[in-house]
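Structure in structure tokens, see below.
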Amino acid sequence: MIVDCALYRDGQRSEGIHSGGAQHWRELREMVDADGDFVWIGMFEPDAEEIHEVAEVFGLHPLAVEDAVLAHQRPKLERFDGMVFLVLKTLWYVDETDAVETGEIAMFVGEDFVVTVRHGQGNELHTAREELESTRKVLEHGPGGVLYAVIDRVVDEYLAVVDELVVDVDEIEASVFSTERTNDSTRIYVLKRELAEVRRAVLPLREPVFRLSSGSVPAVPESATPFFRDVADHLARAAETVDSLDALLSTAFDAHLAQISVQQNDDMRKISAGAALIVVPTLIAGIYGMNFKHMPELAWAYGYPYALLLMGAAAGGLWFWFKRSGWL
Amino acid sequence: MIVDCALYRDGQRSEGIHSGGAQHWRELREMVDADGDFVWIGMFEPDAEEIHEVAEVFGLHPLAVEDAVLAHQRPKLERFDGMVFLVLKTLWYVDETDAVETGEIAMFVGEDFVVTVRHGQGNELHTAREELESTRKVLEHGPGGVLYAVIDRVVDEYLAVVDELVVDVDEIEASVFSTERTNDSTRIYVLKRELAEVRRAVLPLREPVFRLSSGSVPAVPESATPFFRDVADHLARAAETVDSLDALLSTAFDAHLAQISVQQNDDMRKISAGAALIVVPTLIAGIYGMNFKHMPELAWAYGYPYALLLMGAAAGGLWFWFKRSGWL
Amino acid sequence: MIVDCALYRDGQRSEGIHSGGAQHWRELREMVDADGDFVWIGMFEPDAEEIHEVAEVFGLHPLAVEDAVLAHQRPKLERFDGMVFLVLKTLWYVDETDAVETGEIAMFVGEDFVVTVRHGQGNELHTAREELESTRKVLEHGPGGVLYAVIDRVVDEYLAVVDELVVDVDEIEASVFSTERTNDSTRIYVLKRELAEVRRAVLPLREPVFRLSSGSVPAVPESATPFFRDVADHLARAAETVDSLDALLSTAFDAHLAQISVQQNDDMRKISAGAALIVVPTLIAGIYGMNFKHMPELAWAYGYPYALLLMGAAAGGLWFWFKRSGWL
Amino acid sequence: MIVDCALYRDGQRSEGIHSGGAQHWRELREMVDADGDFVWIGMFEPDAEEIHEVAEVFGLHPLAVEDAVLAHQRPKLERFDGMVFLVLKTLWYVDETDAVETGEIAMFVGEDFVVTVRHGQGNELHTAREELESTRKVLEHGPGGVLYAVIDRVVDEYLAVVDELVVDVDEIEASVFSTERTNDSTRIYVLKRELAEVRRAVLPLREPVFRLSSGSVPAVPESATPFFRDVADHLARAAETVDSLDALLSTAFDAHLAQISVQQNDDMRKISAGAALIVVPTLIAGIYGMNFKHMPELAWAYGYPYALLLMGAAAGGLWFWFKRSGWL
Amino acid sequence: MIVDCALYRDGQRSEGIHSGGAQHWRELREMVDADGDFVWIGMFEPDAEEIHEVAEVFGLHPLAVEDAVLAHQRPKLERFDGMVFLVLKTLWYVDETDAVETGEIAMFVGEDFVVTVRHGQGNELHTAREELESTRKVLEHGPGGVLYAVIDRVVDEYLAVVDELVVDVDEIEASVFSTERTNDSTRIYVLKRELAEVRRAVLPLREPVFRLSSGSVPAVPESATPFFRDVADHLARAAETVDSLDALLSTAFDAHLAQISVQQNDDMRKISAGAALIVVPTLIAGIYGMNFKHMPELAWAYGYPYALLLMGAAAGGLWFWFKRSGWL
């Protein structure tokens, strides 16, 4: 689907053509006549025909086009003659399910055009485009500016997702160390799986962003490198937090195991103490159930209440003793 | 065994000779007279004589020939004067046994010939050859094109195997976190062993493919490097997924251990509660089994049913109490 | 908030202006007329206006200014034309809560100015400035001297924090290996979390300090590099100690788990021995509770005390036996 | 002890002198008069005098001589002017004890001589020398050929040892996952220790062999580098297998722990079920042991067999129930 | 404290002045008039005055002097103009307490002087000096020779300490796998802590020694580099052994955990079997304690002994059965 498409002149949107089709793309491209002007085509899960029309007009490399259509690629930055091809993973946090979902954005950045291909629901680029159009400043940097704006937006979303995960880890931590009987291993597992998801998005992106920030990519002017260094820094922060959360979760899991063991021990001692409260009176009952002829208590008028009292006293005494020594 | 053998001219199969023998190979090789034309000999677990005839005609290095015959080599790319020698591990997933099996392909790629030596059942090259012959495009790149086609096919199979393993891990995950009493350690172990198998195929191949994609290998023309970069990318994806599955399995295993502990604790509490249901009535029976002369209940007409009721009530009361506190 | 601000000439404070405002900053800067003279402005959690006035006068890069205002950055050293921007994490140990807290210092170091922006309560720079003013020696090195003094102070604080953590680890160690029943997993977890905090401050700072010590940063004269090498050494020491504490804690945690297991085993044996002391007499009572007609003991005058003695003897014998074999 | 010693001309043994002594060595060395001819002296745990005589004649470096005499060195390749000094660990598998034993070979390789010093029983060089003498081909490469032949033989032995360890790991694996009650931790520990032994031989040898295969060592002619690359490949295979076995053993150990836990749980449930089979009839006996006057069953002629049947039925019922729910 | 001080000419001690004081040092230094001659001052935990006098005369850098006085530095090699500053950790094993203790040696090595500053009791340099003076050979290399001699001695002590730790690990291993009930976690922990101590001494020293052995340090002549390579090799051996011991201890700890679990299981089964021996006779006693009118055995003359025999037979039968199935 073609989501949006426009020609940008001097950092301002000047023409928007929605219809698409190879002919339109060609006309649109020919309208570009000044340095820094460019066409930006935004697609959402395009079908083969749509993308091939665009590919033909802008000379996109077939391998890159295939990657953009198929999705499920690793984040990467490839240079084909006169063009940069970037694949990004997008992440967003779904509050209802406490889950991290992933999508993908592929970008073709040439001298006079940007083609963005988005997969998955998150990180809509529409609002990003509107923001860009209203500030103008970044758009004046041409296609490189759009490249920056999209990466910056995606990476900011990473940080937002990571912040949500920090909250999740805090909750798990509270649950593990609560005195309640909780089974946290499932939640820890799920969270570790999500951290792995985030890591798969963040780590492979560091190298492309580093290359962009080092000024070795032709689409990025020297003056723009501090901005990409800033993004690289955000990525490093996200990566560090994810690593640190992962290590924390491992420790929390170990602590959870220790808590289970401690609880097992506590339960065992409670059970044993409880058993003693019944077994000792049973012994007393057994004694007075013996059939000896000469057992003075048996004939005693208060023998029965005495025996019951003895049982109660024994149980009570044990109860106190276990209570004091922390077994009950 | 010689599986197939043909001369390719302008990307088309032009002569196929099955009989083999040193003389035939020599004649075949002499037919090559234009740039990009080449002979492709395909062998399956050849015996010493077969391969030595070929080695003699095409000048294959003895060490490489030895490696190709023996199999069980590590994936590697060696350059002998004017020739590239590549060893690949092949992987395939056997559905019936949920197992990953491995084979090996050794390739000798010279200017005017390709010799492929296959071991193990998987990754038949016959269909690969037919596909190549029908598309023609890759064959026009000469021996380097065949090299790419074979690696690409093998690596695609890696991704297919990895996808199957992802399914296996998902199944184990479901089993670990199910409430049923499962013993998943064996399956986790087997899967970890298979992941190690895949890793042994994938990791050592990355360096050869990287060298191929960097254009430093003479058999690969500059224009073909993006294709090898694509393969390198697939390899990286396979390696990342394998690492991530391995980490997930470790976490799943830990969770499995925690589940066992939790279950042990649950069982212990259930058993204790169950024991209490019997031990408390036993105490009551013991009490009314005492031989005191003065026990009013004993003479009471409804003493016996009353005692039974008392036992039942005690057991019932405990049952409720344990149920409410989650012990039963 | 502007905390302090002064002009330094020949290593001595010569003018201090507290009022602030863009006009004042401009005037102050214009007073700098000799090499090595500089203005030092100290801010504490400044609002947007305050910092932008300063940024305008001294030409601070907008991205750096944004980082300095927002805080929660990673330690880093950035070079913008003619200016060095450094972000440091500050750490301090709060005795009351045994907790490590973190703050942040951002520094802009130009040829004729230093701007420090501090976040969080710890590592007040006021006393650092006073010390510097009284010794004069470092101030003569100009802005580079201030840069060194601040980093040195912050890193010394790291070492102090690490020393406190060493004490905490020693305490945990003592607790784990005490014979008392302790639940150390929570404390180990908290301490591991704090070590991670320290690591996040220390590790990313190593690279900036290394660059400063290698003489490749323009603000630092060649003669100052041994001082930065000294700081790098302190950082390395802090990092090594943190790593080593973390490994020790992991081992201590494992030992804690082992202690729990050993204790569980001890408890189980104690409980079983205790149970035997009751169950064996119960068996004896059961035997004399049998209704056989011909049981000589029953008719015996001393039968009852004999039975009680037998029970006591059995219990006592078991007690001795369990005591000797270490079960009680 | 001087084991063997000979002069090699054109790849053929021409003179062998066993007696030794500095004078003999000198004469022997002087006989070398053509390129590629060389003296090969083989020693087994030589005493100080023996080696110093040789060292003097061939100009061996004192530090290297010391290393060769003392043994227990790390594998390494040192270059002293005009001479290469190599230390290798030898490994062999003793079937009777399932143990890996280690020895050491030190080699001095000059332009016209090879001195080998062997420690430990394994990897006898005598047969290696005989093989070399019978094939002649490698000997024509001069001292470098001998160097290759010895390393190749030692590394082949590594692979043989590793193959034995693979078998051992398979056995442990079978034992861990068998349903029998096995205590595999000792065997796993011992095997891990042996793997560490192998690793200590293999890993440090990789760098020397890499240097030999890169052609930067003067004793090795360019044409010999593919052979050393082959050895490097074997070493890499050994190292990979060892790493992979070590990881497998760790996983097997974890699985072993899980099996113990599962077994503990199974045992606990079996024990509890067994206890129920006794405790429930005891309760029934207790009920009919009560002394109520009005208990109709007591007077019933078939009361006793009825009670016994009731007990049997209760036990039988429980037995079925536990059997069905997998507790017995 | 000044421990010893002397002027060395042509590798021989020629003048020794104990008194110290800045004036004496100056005179002593002026006596040096030939290449290779040098002054060697040995200090033990010097006070501020002592070291500053020396620092002044020999031009030691203030930062290095501070490090030498304070101790607790990381091992490192620093170059200040015309001078090398080396910090070494010393280790020694105290037999009585099975503990590793640490000290420190700081060395200033200039063209015509060596100043050694020692902290802690171990690794006395006095005997080292005497050995050097008696052999003369190393002293002829000037200050570089002393540098080598001291490092060599310290590193030899590392190897001695590591050998002691190997013995300790062997003991722990024997204890873990003994059938006795041992609590090895404390000893393993302590040993791991000591290994960390050794690692902190060994690892950071590798880089300085590597630099010394690569000939890039001016105080070390080219001809001395093989000696430093030898030291580097010893260091590598110590580091490898420490790593390998650490890994072994981790495995031993895991095995210890497994042993505890196995023992717990054994104990549980023993306890259960023991309980059965009592509970089954109790059931029999309960049966004959029932009050049925028609119980033939009760009236039987040998009923009582028969019941006792039955109990004994039941217990005996169970005992055999449990014995055979390994539960007792």
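When the chains are written out, they are named A, B, C, D and E in that same order, and each has its own residue count from 1.
The criterion applied here is as follows: a residue touches a chain if its C-beta (ideal position, glycine included) is under 8 Å from a C-beta of that chain, and two chains touch if they have at least 3 such contacts.
Here the structure is a predicted model, which is why all the values come from computation and not from measurement.
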Same vs different contact residues, chain A with chain B, by half of numbers used: different
Turning chain A onto chain E with a C-alpha fit: angle in degrees, nearest 5? 145
For the pair chain A and chain D, the C-alpha centroid-to-centroid distance in angstrom is 43
So, in whole Å, the Cα centroid of chain B is separated from that of chain D by 27
Residues of chain D engaged with two or more neighbouring chains: 257, 261, 264, 268, 275, 279, 282, 286, 289-291, 295
Which category does the touching pattern between chains fall into here: line, ring, star, complete, or other? ring
From chain A, moving on to its ring neighbour chain C, which chains come in turn until the ring closes? A, C, E, D, B
List the residues on chain C that touch chain E in their complex, please. 173, 177, 226-227, 229-230, 233, 236-237, 240, 244, 247-248, 251-252, 254-255, 257-259, 261-262, 264-265, 268-269, 272, 275-276, 279-280, 282-283, 286-287, 289-295, 326
For a test of understanding, state which residues of chain B touch chain D in their complex under the given definition. 61, 63, 67, 73-74, 76, 78, 80, 181, 183, 185-186, 188-189, 192-193, 196, 200, 204, 253, 256-257, 260-261, 263-264, 267-268, 271, 274-275, 278-279, 281-282, 285-286, 288-291, 295, 297-304, 307-308, 311
